[in-house]
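Read through the structures below before going on.
Note that chain A is present in both complexes that follow, paired respectively with chain B and with chain C.
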Partner chain A sequence: MDDLMSVVDWSRGQFALTAMYHWLFVPLTLGLGLIVAIMETIYLKTKDERWKRITKFWMSIFGVNFAIGVATGIILEFQFGTNWSNYSWFVGDIFGAPLAIEGLMAFFLEATFLAVMFFGWNKVSPRFHLASTWLTIIGASLSALWILVANAWMQHPVGMYFNPNTVRNEMYDFWALVFSPVATNKFFHTVSSGWVLGSIFVIGVSAWYLLKKRDTLLALRSMNVAAWVGLAGICTVLYTGDGSAVQVFQKQPMKLAAMEGVYQGSTKHGLVLFGILNPDKKSYTDQEKPFLFEVKIPSLLSLLATRHTDGFVPGIDDLMKGGFPQLNQKGELITAPSVYDKMMQGKVAVQALSDYKKAQAKGDSSMMTVNRKILEENFHYFGYGYVDSPEQLVPHVPLVFYSFHIMILLGGYFFVFFILILFLLNRDRLQNMKWLLWICVWTIPLGYLCLEAGWVVAEVGRQPWVIQDIMPTFAAISKVGSGIVQTTFWMFAAIFTLLLIADVGIILKQIKKGSDQNN
Partner chain B sequence: MELTYEFYQYYWWFLISVLGALLVFLLFVQGGQTLLNTVAKTEEEETLLINSLGRKWELTFTTLVVFGGAFFASFPLFYSTSFGGAYWLWMAILFSFIIQAVSYEYRSKPGNFLGKKTYDTFLKVNGLVGSVLLGVAVGTFFSGSDFVVNKNSITDVGMPVISTWQNGLHGLEALFNLQNLSLGLAVFFLARIQGALYFMNNIDDENIYARSKRQVAVNAIPFVVFFILFLVLVLLGAGHEVNTVTGEISLVPYKYFFNLIEMYWVGIILLVGVVFVLLAILRSIMKKEFRSGIWFSGIGTVLVVLSLFFIAGYNNTAYYPSVADMQSSLTIYNSSSSFFTLEVMSVVSILVPIVVAYIAYTWRIMDKKSITEKEMQSENDKY
Partner chain C sequence: MSQSENRSKDSWMRKAAYLYIDGFKNMGRLGKMLWIIILIKLFVFFVVLKLFFFPNYLNTNFETEQERADHVTNELIDVINKNK
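And then the complex of A and B:
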């Protein structure tokens, strides 16, 4: 079991490492891609060569970032097979489809038209070139759509049933996956966060030009486009973030409890705007206070999660003990089961499957029927059958809590930031406000911090589940030695770090060069 | 025609075969990468080669990714068993593609940290490792692998993994098999031939044309030797056959040879493919100013690889045999997705001709004129 947990930890570490690296580059592709496409559209409308120069400048940075995004992306798809092979069989019937569609629908679109976008300026008509630029960014966004449909399905599995004969989950409703409310929120939340990051990046770089008093036209024009894209982005982020919170409350209440550091639930629960967790609180079972210090807005968490100020938000302790009113998958009001009930049901389900297979081997159809029925009745907690102790069901609260609060505080800041930039650009006053221009520059790392934090909330917050309630990480892995996974972990850490240094180095050089020498 | 479960299983093996075949053709990029120093003698010539390949590398890369994704969606048990088991083999392939993905874009950019030489070395490593190991991996479709599948393990709470590899080399053992290795090397030399044919087609430069032509000849000999060796070993060897009624798997001598006879149309595809490849090689060497070799060899390669996939998976053959436990061997029947999923994915596969059409269209308009040194000198958008 120790060795198993070590493989699980290293496999998780490797997935986290590669996904977080990948997620450094994808948002800039999504955001800068949209901005570049808008700029080229303006160029084609105005025929102003200066717009072309601006477009090509940002496009060159887009290209550098895109390459490393591709490099870090390939491993994610294959890692489901290499390191999560049990998962790949158990739900591959459902999960494989969006991945294949992503490749077919999105990757070829990106790959084909990216080449036209970079090398086609003198080979194809301006209109076809513009179409290629748009198709590239549409391809990138479609890729986000399908991978997020897949991810959302892991957080809220729908449209499938368990087939004991093949020992896997099988799909029966494709549209349930695609139009799952979790997927819809996740897609718009993620893609628009990319627009926010792309805008922050463009504004920050432009601010640096203004500080250096060079490439002023490029800087001002770029800032204007970026600030509008950023504002549209952050509004979408806020709206879908709110939608996501409702989904998390309904489908992953443990994640919500960790996000807000809620141990004891209540009605009229307040939202912690800012807080410092008590480091002495090690478990939901001890009597330590959860916070050393907190600033709370009364009843807001209840309102956001349940849409009523007096709605009940369960804490970690409540989720363990159960006994509070809760809506089930069908939308019926039930009394929440305790974690021990769930673990019991999970173990019954696992045992029933085992007995079913034994009966099947013997050809005992009546025992097969009996066990199949037991399995079906208990399958919704199948994953709990692998859980040894309730402690395993609580994600790392400080990591999730602080990531969540970094994300929402920065999100709020970006909203004000874009409005302020637009206002000052409109009044033609931004150029002279040196301090604000420096803030623009320093907002770039904050943008990255915010987006990575969002990823941590979504993915660490759902631990230990690879598929909510159905399969925990420790049942999902491949059986390779932990030494082997450690080796590849460090190989990825080394190569991605080297490539990141190269990526940043090239982008900084290109920014220093500015737009003139790019043409 | 009734669209049965079996029909979809055949159909998806066909699509996997098509993707695999296109991938092997597109490995001309990898082959070209290994020829950088041989075909180019000056910096300017190297720039020409890199920029010529640089407009195609993403197609190969994407085809590999889609090949993986489509395999996952249609035959998830293969994905789970092979990737999770032959860990090092696949990881080595993936690493080589990771370092390729940045190399074109970064090699000549100031501030690139590792220097041009390193990125060019990355391209060469990818050219060698990517093509040889992909060939070896496909070789295991015939030679078998060391795994056991036991779905009942899922209820073993302490260690619920259903597919387990039976040796600690995790895929590297495939390299110590003459049959796999000969396919790997055949793919490698074929990729080099096609890389050279692509240069002859895509670049308008006398020296590069002449040196590429020489490379076609030089690499043709080892290619033919290794390909024939592989083919002979496969056709003389035994294969795993599945009884479609009981699902039981048994070893049948000369299985792949019989597959070619029983599915005579596959034999014809194979022969036509071989003729096309040989024709491409011979005409390119013999004829003056012949530039379309890549198209002949491309068609030929696709046909040959298709036929290999067909004899591996059709006619009740186990396409991923297990040498550890024969009954664990994977067939298109026992490893596929459910009827419903294959049906959904088949609807999505309507996209395939659309994708092929726009790729062909953009390839045509982008490559209407061959790349020249003059263009490289005046062009700012280059690698």
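And then the complex of A and C:
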């Protein structure tokens, strides 16, 4: 068991490392791509050559980030096949379809039009060039869509049934996957967070130019476009974040409890604006207070999650004991089962699969029918059959809680930041405010911190599930030794760190060159 | 296909080909450096990592789909046997 946990932990660590490095490159591509497309549109409308120069400058930065980041996500697919083979088999058809579409879209849209974007100046008509720029960024966003559809299915599995003959989940409703509310919220939340990061990046770099008193026109025009994109982005992030809160409350209440450090649920539950968790609180069963210090907005968590100020938000303890009113998958109001009920149903489902296979081997069709029915009736808690102790179902509360609050506080800061930048640009006062320009520069790492924190909330918050309620990490793993996973973990750490150093180094060099010497 | 249609198709394809050929020929230092990084990265990912460190577990250890399905089944129901 210890060795198994070691393989699980190292495999999870490897996946997290790869995904988090990948997630450093992707949002800048999404955000900067949109800004570049808008700038080129302005150029085509105004015919002002200075806009062309500005577009080409940011396009070169976009190109560097794209080139260094491209294919870093493919490593995740390698890991599925090697480290997570039970999972890969179990979900093959469902997970494979969105990823295959993603591969095709990424290749045809991005690769084709990216070439026109970079090689096509003076070779194709300005309109066709502009269309190519827009198609490149639309292609990148659609790639993100399919990845996020696959991810959303893991968080809220819909549109499939389990076939005990193939031991695979098989898709019967593709559109249920695509238009699942979890997927739509996740897509717009993620892509618009990329717009926010791209905007923060452009504003930060432009602020540096203003501090150095060079490339002033580029800086001011870029800041103006970026601040509007950033404001649109952060408004979308806030709106879809609100939608995500409802989805998480309904589909992953344990994640919501961890995000807010809620151990005991209540009606009129407040949202923690700022809090310090009690490090002595080790388990939901102990009597320690969850917080050393907290500032709460009364009833806000109830309002955000249930749309009623007096709605009941369950805590970790409630989720273990059950007995509170809850909506089921069909939207019907039920009494929540306890975790022991779920574990019982899960074990019944796993036993039914075992019995089905035995009956199949004997050619006993009546027992196959009986066990298939039992399996289908209990399959929604299949993963609980692998859980030995309720403690395994609680994600790492401090990591999820602090990540969530970093994300929320920084999101609020970015909202104010973009409005302030637009106000000061409009009043022509930004150039003389050195302290604020430095804040703009130092907001760049905060943008990355915010986005990585969001990833941690989404992915660590759903632990231990690779597929919510159906498969935990410890049932999804391959029979591989932890030694090889540890080796490849450090190899990835080295490769991705080198790539990141190259990315930052080349981008900094391009920024120092500025637009005049830009090739 | 008529001759004029062929010519128009050739011309379109030739234009597309020259876009790439000229693009690579006239590429600046930055572009060349990025392409070198991309090629090294793809080599490391697809040749070194994929071949030597990331074989597909089920494809490597089992020959048929049925054997793979049986293996995963055993993995998934093994928990029942352990608890007995």
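Of note:
Operating definition for what follows: the second predicted complex is superposed on the first by the 516 of 519 C-alpha atoms of A that agree within 3 Å, B and C clash if a C-alpha of one lies under 4 Å from a C-alpha of the other, contacts with A are read in each partner's own complex, and residues count from 1 in each chain.
One rule holds in what follows: a contact is a pair of C-beta atoms (placed from the backbone, for glycine too) under 8 Å apart; a residue touches a chain by one contact, two chains touch by 3 or more.
These numbers come from a predicted model, not from an experiment.
Contacts of A:Thr267 after superposition on the shared chain: neither chain B nor chain C is touched. Of the two partner chains placed by superposition, A:Asn432 touches none, neither chain B nor chain C. Note on chain A: of its two partners chain C and chain B, the one contacting more of its residues is B. In the superposition on chain A, A:Trp89 contacts both chain B and chain C. Once the two complexes are laid over each other on the shared chain, residue contacts for A:Leu499 go to chain B and to chain C alike. In the superposition on chain A, contact of A:Phe78 is made with both chain B and chain C.
Contact with neither chain B nor chain C is seen for A:Thr335 once the two complexes are overlaid on the shared chain. Touching of chain A by both chain B and chain C, each in its own complex, is seen for residues 63-64, 67-68, 70-71, 74-75, 78, 81-83, 85-86, 88-90, 115-116, 118-120, 123-124, 166-168, 350-351, 353-354, 357, 385-386, 475, 478-480, 484, 488, 491, 495, 499, 502, 506, 510, 519. Contact residues on chain C toward chain A in their complex (touch as defined above): 18-20, 22-24, 28-31, 33-35, 37-38, 41-42, 44-45, 49-50, 53-59, 68-69, 72-73, 75-77, 79-80. Those residues of chain B that touch chain A in the shared complex are 55-56, 58-59, 61-62, 64-66, 68-70, 72-74, 76-77, 79-85, 87-88, 90-91, 94-95, 97-99, 101-102, 104-106, 109-114, 151-152, 154-155, 157-165, 168, 170, 337-338, 340-341, 344-345, 348-349, 351-352, 355, 358-359, 362, 365-366, 368, 379-382.
Residues 1, 4, 63-64, 66-68, 70-72, 74-75, 77-78, 80-86, 88-90, 92-97, 99-105, 107-116, 118-124, 128, 132, 163, 166-168, 170-172, 174, 350-351, 353-354, 357, 385-386, 475, 477-481, 484, 488, 491, 495, 498-499, 501-503, 505-510, 513, 518-519 of chain A are the ones touching chain B in the complex. Listing the residues of chain A that touch chain C in their complex gives 60, 63-64, 67-68, 70-71, 74-75, 78-79, 81-83, 85-86, 88-90, 115-116, 118-120, 123-124, 166-168, 347, 350-351, 353-354, 357, 385-386, 475, 478-480, 484, 487-488, 491, 495, 499, 502, 506, 510, 519.
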